[in-house]
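Dropping the structures in below, format is structure tokens.
Next, two complexes with subunit A in common: one pairs it with subunit B, the other with subunit C.
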Partner chain A sequence: MLGTGILKGLAVTAKNLAGSFHDPGRFVTTQYPEQRSVLPENYRNFPFLVAEDDKDPMGTLRCVACQICEKECPPQCIYIEKSRDKKPDAAGKMQLYPAVFDIDISVCMSCQICVEVCPFDAIKMDQEFEIATDNRFRPLLRDREQLARSNRYFQQVHPTEAAEVDARLAAARRAAEEKAAAKAPPPARQEVQTKPATERPDPPAGGIKTEA
Partner chain B sequence: MTAEAIELDSWLERLPLTLRDLLAGPIPGPWRWIVQDVIAIAVVLAVFPLLFAFLTLAERKVLGRIQNRPGPNRVGWGGILQPFADGIKMLTKEDIVPRAADPVLHFLAPVALVSFSLLSLAVIPYGRHLVPLDLDAGILYFFAASASSELAVFMAGWAGRNKYSLLAAMRALAQLISYELPLLLSLVPVVMLAGTLSPSGIVAAQAGWSAGFLPHWNILTPWGLAGFAIFMVAALAEANRSPFDLPEAESELIAGHLTEYSGFKYALFFMAEYFAMCALSGMAVTLFLGGWQAPVAILQFVPSYGWFAIKLLSLLLGFIWIRATLPRLRIDQLMRLAWKFLLPLALINLVTASFWHLSAGWGAAAQPLRWGLGLALVAVPFVVIGRRLSTGLGPRTYRYAAP
Partner chain C sequence: MIENLSSPLVSPAGARVRPVQDAFHGDLLEVSMGPHHPSTHGVFRMMVTLDGEAIVRLKPVFGYLHRNHEKLGENTTYLGSMPYTDRLDYLNSMTNNWAYALAVEKLIGQPVPERAEYVRVILAELTRLQNHTCLAGFLMQDCGCSGTPLMYAFRERERILDLFESLSGSRMMCNYQRFGGCRVDPGPEWLDAVRGLVEGYGAFLDEYEALLTGNEIVMARTQGVGRLKPDLAVSAGITGPMLRAAGVPYDIRKVDGYGIYPRFSFRVPLGDHGDTYDRYMIRVLEARESISILRQALKDIPAGPIIDPKSRLRGLRPKAGEAYGRIEGPKGEIGFYLISDGGPNPHRYRVRAPSFVNLTLLEDLCLGHTVADAVVILGSIDIVLGEVDR
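For the complex of A and B:
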């Protein structure tokens, strides 16, 4: 009969109205500043620089200032100046490091191309989204101090990717050590072996743990 | 006034009058009526905008709850101050007048709309002693005032010099004029049976109870039930409320006749719409729900304006509930509903009402027959016309999508 559909619809809405008072599980929204939904692991927004050690991030940046990301960045939001001197990198090899590494995150379009082209796993995507400021110039231009995050932070935000990266870096390091051991005389071998071990709080172990 | 009514004239019932006389007391005699009227106007102007403010909040809260979200809950305690935040926002927004617009009409339209809807609030009896303007032809005045709002709506659509505004204004005119007819026809039996056009007279005609708990309200008769339903459907359309909110169908017409309005003028349109909704609900309460009368004789200790407020608010909640439930009609469906369904039913309702009036003298034994005949006069045309209108319309078949 004409009108029964309307009555059925009214019953549905009334049920929802009453249900929303006694069943909090019905709510589809999250009250944001108080409650936070868990971000999906693959969520990404802006890049950060990976440092091996969170005590000394500037000394242990993985970045070797090769400038591939700067050249590949489609909106050109990365600015890098190479250092004059060299520092030993993760594998113990002497490398340049970025004296200046700026990303203008008001220009960045979160495409992740910098991450994909980086041969050193030195730049990764962050999950931090509360970046609103009251000034559109200086606070949105991030320098290397602001961009640096420890490898442990990377393991927290992207566990799967971090485990894969850590395993790959550990394998590369082992290969380098074996190569050095085969080549060099015994005293030099010891020197090479101790160096990375003192510098890093054992990232491969952490990576394997999160994977399991 | 009966002896019982005078007896029930408690201090609470007379409180608004006492306060008014207290304020108007020091004024010399010949001038006192002016002050009293100004106070009545001021009260209407204070109560209804406040009601409007909290109605928008209630609407957003209830709509939210129905959609399983909490609704606005940030400003004040649980969102109670949200309407004031909205008001400040509306006041501080830029008032944009298009270069091609007619500036005078563009300014006049919201003002006219608000004043027409405020005019219609004047004749509603809010309580035993609370009738701001007790006109003998109050019903006529009420519908004259609310029908003038069509003029203001068209003014708004015309003044913006915008195709969407104009299209929406055309639609609004078509809709408002079409629904005027069932609206007025549904209340003709009330006026006929009460024998008066005065709203307070109609309320007085619904006074009294059978056996102390069955009020003599018009809605509790077959013709009153049908009349109330027709009145409410037509009132939904008159107040531009969903599912008849075609004039401002945002998915088709941007914002309808409000397209070129911003800032406080936009807020005025909104206000006028809610005033019209309140006025039509108040008129429905007066005509069919016994006005300020208590539903049960022993509940008369609650002041009459309290009963009026309860009835008014439940009707307004009904409006919100319907808005949360029904999708918008298409313009042809809207016209069909008015002309082919509501109008015949309203005409048949006149017959039902006259039957009810003529059979008033039937004895107690004939009462079941009287009720059966009365309800059949309502239900049979409803089913027959409804069937005729909906043949060939459903159920919808899907050729490509899975049902």
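For the complex of A and C:
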């Protein structure tokens, strides 16, 4: 009979209308500024630089200015200048550091390739999304001071990944210490021991607790 | 007003076109629909020549969203093109990733582990589900059902995009596939979430069909509109649901059997009339087949590595040669053609975009119909301008 299809459709809309008042499956809108949905752990938007220490982020950046991310970045939004001097990294090895590290986040497309290609776990993806600004130049070009976040922050936003990275770095550090202890003369050993022991909030070998 | 048209006013699709000689139909009117028009699904322009209300000529104009995708592909590394493929057909980034990864894997002879193949199938079929659901919603919006079917479709799509986000980190720009596998290993919770969604999706499709399939207004607006003959579809290179709606049994999942598709049993729905209603029905039926594939894949997914441990992320320098990777995307055959000269970048990078090829028949489908029908026909072709213009 003509019209039964329309009536059936109206029954569906009526069911959805009624359901939207009590059925959570049909009640899908999040009233954003007041309510916030929980971001999944893998959520990414813009990169940040990992620093070992909250107090001295510029002195403890993991980045060694190898410029791999700069080369691999598809939209070419990273600009790095190497330092002239060296300073010890987390494992105590003398390394270059980025004298300039800029990311133009108006160009960045959040693809995470810089994170994947970084051999030093020095650049990771942030989850901060409320970064709108009324100026389209300077606030969108982030320098290394603005990009640096502590390892503790990384543990908060990506707990699983951070635990993995910390365990890997701790193992590498232990291996380096053992190697140094086995063959090196005392002065070299001293240097290795003092740096990480005092500067790092020591991560447990089995991984970091998620609440950090 | 324009002068007499030189070409014969009969479409190859056989649509009837009224003669323009008599006193009432002599004046032709040229109307520009788009590029900024909500019915054109993006920045697409149709130069429509009208005789009364009937379309006697339609010239599609595109290129407003051209972003140099293929030239960019020649100037970035193989890995660097992967996130750009997300931005071709931005509804279906997972299948775009897969087609590109397949082309590069063919070029460098990279095997893919079992688990990654299963994850790829699961993601591709989830993509197909959300694309087809969305298409039905957009098509109904074009018919004039203001909002309701589209909002229902988006409600379900959002659940799938949440899964994509929790796996890959982004709802639409997933950038998930890599050469030799996938980027992140989905945990058991994620797979359970997919199982839950798949089990509930059939009920949603039932509800959606109760709303639309038997609806008399939908039938009146779509049946017999934009009829596509199978021989014309084949000679024009149409692929995907549009070709199958015309009754041609051609599905690359069956023909090529890429990935692990030969292991799954599924049917390929075919249309009888090739009209807009058939194109809508094909999408619904394919979504149901996708649910069946998803069930099988979720049942059999093995443990193991998600990416080949020997695979390389960067510094690829394939030997000189060429490769074409194609898959059955939700819109049709999405293919990537790569020529390597041994350098770190492809020498030539070409995208075979399904919506671009499917769009070429727009004039043949629209001739003789009204402007309102042209909107519906365009909606049923299922274009995404990011892919058409590249």
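One rule holds in what follows: the second predicted complex is superposed on the first by the 171 of 212 C-alpha atoms of A that agree within 3 Å, B and C clash if a C-alpha of one lies under 4 Å from a C-alpha of the other, contacts with A are read in each partner's own complex, and residues count from 1 in each chain.
To be clear about the criterion, a contact is a pair of C-beta atoms (placed from the backbone, for glycine too) under 8 Å apart; a residue touches a chain by one contact, two chains touch by 3 or more.
This one's a predicted model, so the numbers in the text were calculated from it and none came from an experiment.
Trainee: Is A:135 contacted by the first partner subunit B, the second partner subunit C, both or neither?
Mentor: neither
Trainee: State whether A:109 touches subunit B only (first), subunit C only (second), both chains, or neither.
Mentor: second
Trainee: Check the residue A:4 against both partner chains and state whether it touches subunit B (first), subunit C (second), both, or neither.
Mentor: second
Trainee: Taking the superposition as given, does A:14 touch the first partner, subunit B, the second, subunit C, both, or neither?
Mentor: The first partner, subunit B, only.
Trainee: Counting touched residues of subunit A, say whether subunit B or subunit C comes out ahead.
Mentor: C
Trainee: For A:28 in the superposed arrangement: first (subunit B), second (subunit C), both or neither?
Mentor: In the superposition, A:28 touches subunit B and subunit C alike.
Trainee: Just subunit B (first), just subunit C (second), both, or neither: which does A:44 touch?
Mentor: A:44 sits against subunit C, while subunit B stays out of touch.
Trainee: For subunit A, give the residues common to its interface with subunit B and its interface with subunit C.
Mentor: Shared contact residues on subunit A: 2-3, 6, 9, 12-13, 16, 26, 28.
Trainee: Would you tell me which residues of subunit A are touching subunit C in their complex?
Mentor: Against subunit C, subunit A makes touches at 2-6, 8-9, 11-13, 15-16, 26, 28, 40-44, 68, 72-74, 109-113, 116-117, 125.
Trainee: Looking at the complex, which residues from subunit A come into contact with subunit B?
Mentor: On the subunit A side, the touching residues are 1-3, 6, 9-10, 12-14, 16-17, 19-21, 26-29, 31.
Trainee: Which bits of subunit B are touching subunit A when the two form their complex?
Mentor: Interface residues on the subunit B side: 62, 65-70, 73, 321-322, 324-326, 382-383, 386-387, 389-390.
Trainee: State the interface residues of subunit C toward subunit A in the complex, per the touch definition above.
Mentor: Going by the criterion above, the answer is residues 76-77, 79-84, 86, 148, 152, 155, 158, 162, 165-170, 173, 175, 183-184, 207, 210-219, 313-314.
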